[in-house]
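Below, chain A partners chain B and then partners chain C, in two separate complexes.
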Partner chain A sequence: MDRLVIDHVSKHFGKTAALQSVSLQIGHGLFGLLGPNGAGKTTFMRVLATLLAPDSGSMRYKDIQWGKQPERVRNILGYLPQNFNVFKNISGYECLDYIGVLKGLRDKKQRRAQIETLLERVNLTAEAHKKTGHYSGGMKRRLGIAQALLGNPEIIIVDEPTAGLDPEERIRFRNVLREVAAGRIIVLSTHIVEDIEATCSSVAVIKKGIATQFDSLSKLAQEAAGHVWLWKVRPEQAVDLQSKVNVISSTTTEDHVELRVLAKESPSREAIPVSPTLEEGYLIWNQR
Partner chain B sequence: MESKVKMPSLRLDIRNMGGLFYLPFIMMLISAAYVTIHYSGYNDNQNMLKYIRHDFGVLSIPLVSIWIIGLFQDFVETKGKEAILALPYSSTHSGIMRVLRMSLLYVVIFFILFVFLVIRLLPGHQLILLSDICLPVLSVLYFAALSFLLMMIVKNSIVCYIIIGVYSIFLYMTRGAFTFGLYPFQWCFPQPNFDELRCTVILLIASVIGLYISQKIFQNKEFLLK
Partner chain C sequence: MMNMEFKQYRRGVLIWIAIALLTVYLPIGYYHFLNDLMQVGQFLQSSGYIGMASALFGLFFGILISRREQEAGMAECLASAPGSALRNLSKLLAWGAICFILMAIASIEVMLMIWFSGSEYLSFAYKVILYIFLYWGMTLFSCGVLGFAIGELLGQSWWKLPLVLLVWFAISPFNMLFSRYIPVNVLSWLNQGEQDLGSAYNGVEGLYLAYSFIAKKTAFLAVCLTLAFASVLIRQEREPSLKEKRTLAAAVAGCLIIFAIFVAEAKSPLSAYKAPLNNYMDLYLSQDGEYYSANGSSKTEMSPPAFEVDRYDLDIKHTLNLINYNAQMRVSHVAPSLTSLRFTLYHNLEVKQAEVDGKPARWKRDGDWLYVDWPEGKVEGDVSFHIKGSAGANNPISETSFFMSSAFPWYPVPGTWIVAEKFDLFYEPQYNHIALSKPASFHISIHANERTYSNLPKQADGTFAGQSSGATVLSGMLMDKNVGGYQIVGPPDRIDEVGSAIEKVEQTKNHLSSLLGIKAPDMPKQIMVVPSFSFFPNYYMQLGEDELFVNELITRNPYTVENIARMESVFQAFFWSNRYRINDEQNSYIFRMILEYMESPNKKGTTLSHQVREIERQGDRAPATAYLARDILQFYNNQGEKGLKRLVRAAYQLSDARTLDFSDWKKLMDRSY
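Showing the complex of A and B:
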């Protein structure tokens, strides 16, 4: 299977190291890039999209080299940035038509057929002839993914796609991503663990420009193995404990509160060790 | 995916400009209407051409900037421009060729109205190649090149409009003083000390240089991203 190989890619802005020797191997399907704000995710996505040239390192997919053939890369790439707010005066359909031309889809009939299929796929057929300036945030993202899919690219880069969306739109967007992932590479960057959990099969975590790849989500979750405790306490005790231990979540039942606590050692005799979630694995990794 | 690219359609470029497309067009129509109404029945044939050029041209020539600036808003200014910059478009077709196409359309509309005014108010007058065609065409092209360049450097349409506006007012108020012949109002508000041919050549050279530099910047996606 063809893999996207990123080999020791570094990028600096002045004295700030945005990416430090990032090495990843990404196969087909949805790949998540998880990290806090300012970790270097967007810089990485822009380097991948050939918008920024790395200071060192290389990237390749099949026989295509990023540094040597950026034009070829752009031909196999679809990119949805964090904000997709372009072509506000034309309709969604016209926007896709415009982008289709810029992508080199010369045959008018084929281009239009593809646009209609994509609009249906992202559930925008009914709104296709509305000005994009009047679209909601969720509709803009869906139009964004449709434009990224135009021309059937082999690699799609999606940067923070669900930030600011309501839960319904978020679920809809994740479903679209899952549907289109077959047979291609989708790199999804986000700081929302839930997005990764719901869509991706493998993940890398990035912090201060340094990335670590995990073959599966469970491997990242296992980073917190032995560090997560379930502690049943009385409601009045729970309030007290919030400031004393690292409580990740709490569930209130009829007569007690279940706290999930992150700690290297058992916080109490009553606390029992439990299997960590992806979010807990990420939190532990991030605290290192 | 096919690898060959072409220019986006003129229709979509125009539609994407929204109301900005109509503004210069309306201003040109208003200027033409004003000239027609104001000078109907005037018998001053000697100065009529001067009046037409001034009253029609002073506003019409720099207004091409509105079209050119509007043409590049999505490439350099809007949130999400990365999505466009990452596309495999041809820089030449999406950059300089779109500027030239839009300028050509502008010049055609400009000349239709200008010729109409001349026929209506100065019947029998023959247009002179240098004075009536080359000079106004290059004046329009100069403003188009300047707008393209400003948009590439400043990446903010409002700031570009302000710069072009202030620059145009300065040129008009000083009547081209301190410009060493780089005076795009020579056709409509001539500086008597300037030679028309020299002015035309200077405008041509400045436009070509402006277009060349703008196109080079347009090719630099990393710069446009900033």
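Showing the complex of A and C:
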């Protein structure tokens, strides 16, 4: 299976190192790039999308080299940037038609057919000829993924796609991503662990420009193995503990509160070790 | 890609505002111009504000074009698409197409107005359209490209606005306000509109569509494109690949080469001057005034030729404000003792080379005089000169027109004559009528961009040949028409008025002929409207060898054309400056003063009455002419109009033989008592 190989890619802006020797190997399917704000996710996505040239390192997919053949890269690439928006005075269909032309879909009939299929896939057929100025944030994001899919690219780069979406739209968007992931590489960058959990099969975590790859989500979760404790306490005790221990989440039942606590050692005799979630693995990794 | 660009224009408000403003402004402006009796040429020239508006619109449009995707949040997504490299090119092409459409609308509208008003400018449609595209369209396009570069380079910075306003001002005709800090020729080059928005339209020169102006516009466009390509190279949404860098660098280099080629061609000889010397006529007048103040009056030694020229072959090329020509002359009847042939040739026409019978000959210039060595004893032969230069204020050569009169030594005229004199009485030098003493055979071929006319019979376009004692060539935005049996050459929309005034000129001429008691020269059948530097009646008309020249200035207003038929104007043209006279500016003034007085129903408003009032105003310091005017007025009061007529006739007949002085006038008046 062809993999996207990223080999020691670095990028600096002045003295600031945005990416430091990032090496990843990404196979088909949805690949998540998780990291806090300012970690270097968007820089990495922009490097992948050929908008920025790395200072050093290389990237390749099949026989295509990023540094040497950016035009070829763009031909196999779909990109949904973080702040995707569209001219307000054009319709969704016109937007896709324009980008289709830029992607080299010269045959008008073929282009139309592809646009119609994509609009249906992202559930925008009914709104296709409405001006995008009337679209909601979620609709615009779906239009964004449709434009990224134009030309049937082998690699799709999606930067923070669910930020600012309401839960319903977020779920709908994740579903779209899952549907289109088959047979291609999708790199999804986000700071929302839930997005990765819901869609990705493998993940990399990035912090201060340094990325670490995990073959599976469970491996990242395992980073927190032995550090997550379930502690049942009384509601009034729970309030006290919030400031004393690292509470990740809490569930309130009729007479008590279940706290998930992140700690190297058991915070109490009542606390029992539990298997960590992805978010907990990420938090532990992030705190290192 | 272009489709999307057009959609953006179509669905935006700005382009519709531009179209609406242009469409409304043109007819309103034209309506006012028609009301003010102004003609199409003046209307276009005075519409320089449209050029300025184009520049401002262009700059703002350019910024909007460059920032459109960024503002919409679409730039990054588009930049990652393979066809993105062509986006900027398609933007420029679409902008070009929009400019074309706007200019096509303007052209159609202006042409329709010209057609509705029945103007003869319809025959010059291509020039009108070229003017619109060059002055308004190219400014709009270039400024759009420049605005694009500014938008790319400055991004969201607020500095864009002051910079745009500064650029707008710098490329406007008002940029001369910076002339204290920036060289005038740089400002002149930057100015993308008319040299002087307030100047009156010169009908002979026509619309300023000279090659140097076209070169200037091209060079400016090349600069704007250079900046646009460079800005894309520097501030592209994505880091350009090596191929893109090379392509953009090649585009920058290509534009710079185009700039370098055209900037050298873009230099108008007027670029080094600012108002009031920003038109050729004022420049030449100033140069001639200075020259003849210093040199003219010192030339007292004159001699008629001791040889004849039988044939002139003139091969003329008009470039910028110069003529460059070879003059080949067949000389005969040379006095055997002569060792040098003496000619008169206006001093700014430089002799580059001289030959006698095909062999290089020595020559010498002395102001307006030219001497060439001649083998002693030789009675006939060929003399040729290569000459280059301009012919001064009386025969102005501009970048789009030229006029050289049969009564002026723009080619070597045998003998040494005084070309012009500068007197205190007049600001302008007084040019003398200099023609060949005997007709010669002329063969003239002219290489010029505009259609050329001559007093000589036309052989083909730009070729004239015939027998005459002087040759006239006239070129400019002119046309010819037969009106009442006269073949009139003049600017469009002015010929008919000249034609009707000419009939009255003939009547006045006949009247003057009987008044002065001499036979008047024949009325030429060729009338040419020619450029002039003076609004004074002594310059309303000039008589050439076979043609009559009418001052273009007087034809600018249809009501003032009739003034050419006034007695003083006709007297000057047909009875005074129709032959070589020197050192006699005073008498023509006195004659005209009397004739004006006789003709005018408002005697108090005449020059004569005005002169008399000078005595009351200045007392002893009043000029001598004022005292003479007082005497003439007294004479008129005693003798009436009949007496005045007798005085004029007697004085004129006496002046034919010699130059009159004030005592002659007094004696004549005393004798008439």
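Going forward, the second predicted complex is superposed on the first by the 288 of 288 C-alpha atoms of A that agree within 3 Å, B and C clash if a C-alpha of one lies under 4 Å from a C-alpha of the other, contacts with A are read in each partner's own complex, and residues count from 1 in each chain.
In the analysis below, a residue touches a chain if its C-beta (ideal position, glycine included) is under 8 Å from a C-beta of that chain, and two chains touch if they have at least 3 such contacts.
If you're wondering where the values come from, they're calculated on a predicted model, not measured in any experiment.
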Clash or fit (per the criteria above) of chain B with chain C on chain A: clash
- prompt: On chain A, which partner touches more residues: chain B or chain C?
  reply: B
Message: Just checking: does A:A221 make contact with chain B only, chain C only, both, or neither of them? Give me first, second, both or neither.
response: neither
Query: Is A:L52 contacted by the first partner chain B, the second partner chain C, both or neither?
result: both
Message: Taking the superposition on A as described, I'd like to know which of chain B and chain C A:P153 touches: first, second, both or neither.
response: first
- request: Would you sort A:N89 into first (chain B), second (chain C), both or neither based on which partner it touches?
  value: both
- request: Go through chain A and flag every residue that touches chain B in one model and chain C in the other.
  value: 46, 49-53, 71, 74-75, 77, 79-81, 83-90, 94, 98-99, 101-104, 144, 147-148
Query: Okay, in this complex, where on chain A does chain B touch?
result: 46, 49-53, 71, 74-77, 79-90, 94, 97-99, 101-107, 144, 147-148, 151-153
In the complex, chain C residues that touch chain A: 1, 3-4, 7-8, 11-12, 68, 72-74, 76-84, 87, 237-239, 241, 243
Task: Sort out for me which residues of chain A touch chain C in the complex.
output: 46, 49-53, 70-71, 74-75, 77, 79-81, 83-90, 94, 98-99, 101-104, 144, 147-148
In the complex with chain A, residue positions of chain B that touch it: 1-9, 12, 15-18, 74, 78-89, 94, 221-222, 225
